[in-house]
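Paired with chain B in one complex and with chain C in the other, chain A is shared by the two complexes that follow.
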Partner chain A sequence: MRKYFGRKLVIYLLTFFLAVTIDWLIPRFMPGDPVANMLARVSVNSTAASVMQEYYTHLFGLDLPLWQQYLNFWANLLRGDLGISAYLFPKPVTQVLMNAIPYDVALLLPAILLSWLAGNNFGAVAARSKWLDNTVSPIGYILTATPYMWLGILLAWFFGIILDVFPIAGAYSFSLSPTLSWKFIGDVLLHWFLPFFSLFMVQFGGWAIGMRNMIIYELEADYSHYLEALGAPRSLIRRYAFNNAVLPQLSGLALQLGVIVAGALVTEVVFSYPGIGYLLLAAIQNQDYFLIQGCFLFIIIGVLLANFVIDIVYVLVDPRTRRGMTGEAA
Partner chain B sequence: MKALKQKNEFLYFALRNRKLQIGLGVILFFVLLAAFGPLLTDYEPFDYVNPTGPVPPSSKFWLGTTFFGQDVFTQVVMGLRATFLIAILGGGIATLVGMLLGFLAGYRGGILDEIINVLTNIVLVIPTMAVLLIIAAYLQVRSLAMESILIGLTAWPWAARAIRAQTFSLRTRDFVDMARMSGESAFKIIFSEIAPNMMSYLVMTFILQFGGAILNAATLDFIGLGPTNAISLGLIMQYSMMWGALQFGMWWWFVPPGLAITLIVGALYSMNVGLDEVFNPKLREM
Partner chain C sequence: MLQVENLTVYYQTLKGQVRALENASFTLADGEIMGLAGESGCGKTTLGHSLIHLSPPMTHIGGRVLLNGQELPLTDMQKMDAYRFNEISIIPQYAMNALNPIRKIGPMTEELLRAKKADVRTVMAALKDRLEMVKLPQEVLNLYPIELSGGMKQRMVMVLSTLLDPELLIADEITSALDVASQKAVAEMLVEFRNQHCCNSVIFITHDISILYQIADSILIMYAGQLAEKGSTETIIRNPRHPYTRMLISALPEIGVRYSEKRLTGIPGKTPLLLHPPQGCRFRERCPLAFEKCAEVPPFVEIEPGHSVACWKEGSADA
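Right, the complex of A and B next:
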């Protein structure tokens, strides 16, 4: 088990190191002058511009040797200093991102967990009946083929515009201010539902199909036939098949995290939901490079943390990893 | 002669497979639309052809016009071209890199395998979209080719991993040992002994990478980092959201591009399941 976590931790640390290096490298070696670009966008008067120019040059540390710039970048990062947002000047990037994080967690966590649970159970049931299989499988394939933003747009159009039962922009109504009242909580939930549901649906299709295929594969495995020959009840064989099929689905979740996060980014854009995706669009449109870089780092850290949590769950679920038999997922 | 018979057998089952038929049919339809669609329209994708602004689909504008009076049909068929270009280039690059690293790691083993494995695991964990975002954000001019290359260079890890596993199990087989004993080079063994035996696998990898590139490109375009000098299906959706297509109920602006992507990627998945049944006799009876 120690070996398993050791290996994983090394990979995650290397990944983080590489990500920070990319984050530092790209602005410096891309064609064009990001500082000048950013200032042109901010379009303040000339004296203010020159002051800001000086500030940013100092912040980037462009007058220092490269290795020192790189070390400074790490030092700033470890102090939680990711620069100042140009688009939301003069708020620090870390603070801007911290305000957005709760919305991302509120969308992603329930969407990922519920769709994984529901999809797996539904897929397992579908594998059992020909009739369900013939209806669920095509729907599942269409759902996983749907781009996240398009399903979001369709849901917003149908439920928000045609039926007019759900709001389609923001995290709560502009007329309300955040308080701990039932009215406000209800309003927040109402705004939360459509983006959540659209994330949920696309993933649900994928998990249902994955589980269905896995179950059919497991039921063809030798141990299933052996159990059958021994006269074991059908439900017992199914349970063994499900338990074995859940493991690849769990490592599948780790592999899918990046795609799901990307899906959340565009879903937030559709619903103007004030998470990182929405910030990112604004940052790109305003060429706010510090904010873009901050979003990049936060996404990486989030995905690495989620991967680590899945690793821990994997150890809890799969006895082989606990006994040091690393199994195929390590 | 024997090879021909085997090929015929595959063709026989391929032509009879319903999932493959549907998938191929849909893909063919969109390929033809991308190839000949632009001949059916008199407009350019960005021309303001309708002075009154947005109108719903009609005989004059088959899919209506945008907020600015641009023809949606023209934009969609040109966007389809961009989509197929990115899918072939991006999916192709990802498959090639995956093959190269997978074959090398699986066949050579040892320290090379270890290094490639660590690299694969790192790129596998990094959310590729985040990397694409930060690179694309710093490029002032973005072309379709550039977007394809970026997508291809970040999408290969799972392919490399899968191909490595397959190669690993094939390399100890007798016919590979025979080839090695007869003194053939590693390159020749990989491409004439190992690769043909996992052809079905490679084809399916390419199909999945093809679809993945389409979805990745759509995401990138939608978040505002699409090509700066071309139209694409993701860009059409982004423009429609930016200019209030939802609020004004201009459904003809955002339904066609998303529907095209969904149908193409769905058709690819269907083809993949069909091909699996064709290549894998165990699944055929279903």
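Right, the complex of A and C next:
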């Protein structure tokens, strides 16, 4: 058991190292540099500009050789310092991220978990009802094939413009300032709903279809036939089938997490929702190396953590992985 | 006592009906172990399954089955559930995969018993003795199916299927996937189960006649969906009357005969497809004794007490 998790931990650390290195590299492959981009927004004469250029380049440590920048980056990262945002100068990146993360967690966590729960249960029900199967499965296929932003735009158009029941931009109304009042919380929920719903629906379709197919497969498995021959009630057979079918869905959840984060990005852009995704787009447009790194770092940590949790859950629910572990240890 | 009368079961397919079992009539006495043998595709498993779980694509065409004088509601899935496991049970062909892979065997057994509204405590106590009978340690109840070897799983399913002391046990090819030593052990355990009244009568489906010689009281030979011959084991082995049985028996190797000198004979030709089976006796094409009368279906008649044959040659010889 310890050996298994020890090995997993090494793999995760290695993945983290590689991912963060790529995260550091990618913004630096972009043409242009953040300082020039910053200065382009202010109009000063050319001598002042060259002085400012020098000042900021030194401030951001961009005048150092690349290898040294890379080492400094790791040294600062381990101290919890992600640098200063060029786009939102002089705010530290950690502070910018801290303001955005609550919105992301509030949006992603319910969307991921609820769609997984609802999709699986719904798919299981659809698998045993011909009527549901014929009507809802095609809808599931359409939903899961829908791009996140397209559904987001459709929802914004229908509920925001035509019906005018939901706001279509921001996390709360511009006329309000964040306070702990019912009015504000209600307003936040109202703004939260459409982005959440668009993520939820696309995910829901995928889970429902996966579960439907898995259940049909499991109901044809030998152990199901054996229970049928012994006259076991349908409820028991279905419960066993569900328990077996949910296992691949769990690993599917781990795989989907990365996709969902990307999906959240476009959804947040569509709804101008101030989460990491929205921030990331702004950071890229402004060539803000440090903010891009910070956003990606958050995504990397999120995906790795979620995968690690699912690894543990899998060990708890599937005896076959446990056997694999003892096999490795022996 | 089991009575099967004119049982006919077809498979419904897109191409039409596959006549897998036609006019099967036989009786099985209390405590009798009946071997059911024949080539693959002859309807052995169809017969076995139609007695316990007659589900689509199997279609009940006609005939009835009586267990201790009571007619079984073969086609009524719900009513039949009362008989399944309690009165009629099966050790399936796929016994190695018959257990839910993610549930420990003990809890799974308890859940099944509770779902069948059996007296869980008494049966679980009896389970301990049964495990001893098949030489499985008590610890298996705390294991997952994957932690058992194939042979152990086979024996576990054997114990599980007979937990409620069924009147009729259908053992479907339970020795087919085992090595010769385990085959004998499993077959002997089955006889022991019968002797200890863990089950009453047994239908032992196999294509291995030599194992039937060791354990069966009687043998029923099937050919292409029809019954060919039924008699006591001695009769079938020593004095078979149906030409198919004779050829089948003569195809078995005998101790003391060197087959480098005398080639083992098989049965020439192959079994007909049952989608459009030949008219009359289905063995006609391959039968050396066939004559004009074989264009009609031969009746399955008793030519001496406990010995029935479906062949015009035999019927007419005695008539």
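Here is the rule we use: the second predicted complex is superposed on the first by the 268 of 330 C-alpha atoms of A that agree within 3 Å, B and C clash if a C-alpha of one lies under 4 Å from a C-alpha of the other, contacts with A are read in each partner's own complex, and residues count from 1 in each chain.
Heads up, the rule we're going with is that contacts are C-beta pairs under 8 Å (C-beta built on N, C-alpha and C of every residue); 3 or more make two chains touch, one makes a residue touch a chain.
These numbers were taken from a predicted model, which means no experiment stands behind them.
S.K.: Answer with clash or fit: chain B and chain C placed together on chain A by superposition.
M.R.: The answer is fit.
S.K.: With both complexes overlaid on chain A, does A:Gly80 touch chain B (first), chain C (second), both or neither?
M.R.: neither
S.K.: Between the C-alpha centres of chain B and chain C, what angle is subtended at chain A's, in steps of 10°?
M.R.: Reported to the nearest 10, the angle reads 70 degrees.
S.K.: Is A:Pro178 touching the first partner chain B, the second partner chain C, both, or neither of them?
M.R.: Neither partner.
S.K.: Is A:Pro102 touching anything from chain B or chain C once the two structures are fitted on A? First, second, both or neither.
M.R.: In the superposition, A:Pro102 contacts neither chain B nor chain C.
S.K.: Examine A:Gly6 and indicate which partner it touches, taking first as chain B and second as chain C; both and neither are also allowed.
M.R.: After superposition on chain A, A:Gly6 lies in contact with neither partner.
S.K.: So in the superposed three-chain picture, is A:Gly186 touching just chain B, just chain C, both, or none of them (first/second/both/neither)?
M.R.: Once the two structures are laid over each other on A, A:Gly186 reaches no partner at all.
S.K.: For the three-chain arrangement built by superposition, which of chain B and chain C touches the greater number of chain A residues?
M.R.: Comparing touch counts on chain A for chain B and chain C gives B.
S.K.: Check the superposed model and tell me the shortest C-alpha distance between chain B and chain C, rounded to whole Å.
M.R.: Minimum over all C-alpha pairs of chain B and chain C: 8 Å.
S.K.: Any idea which chain A residues touch chain C in the complex?
M.R.: Interface residues on chain A, with respect to chain C: 221-223, 225-233, 235-236, 240, 243-244, 247, 317-320, 323.
S.K.: Can you tell me which positions in chain B touch chain A when the two form their complex?
M.R.: Those in contact with chain A are residues 118, 121-122, 124-131, 133-135, 137-140, 158, 211, 215-216, 218-219, 222-225, 234, 237, 240-241, 246-247, 249, 251, 254-255, 257-259, 261-263, 265-266, 268-270, 273, 282.
S.K.: Looking at the complex, which residues from chain A come into contact with chain B?
M.R.: The contact residues of chain A facing chain B are 11-12, 14-15, 18-19, 22-23, 26-27, 30-32, 34, 37, 141-142, 144-150, 153-154, 156-157, 160-161, 168, 220, 255, 257-259, 261-263, 265-266, 269-270, 277, 280-281, 284-285, 289, 292-293, 295-296, 299-300, 303-304, 307.
S.K.: Could you please specify the touching residues of chain C with respect to chain A in the complex?
M.R.: Chain C residues touching chain A: 49, 52-53, 55, 80-86, 89-90, 92, 94, 97-104, 111-112, 115-116, 144, 146-147, 157, 161.
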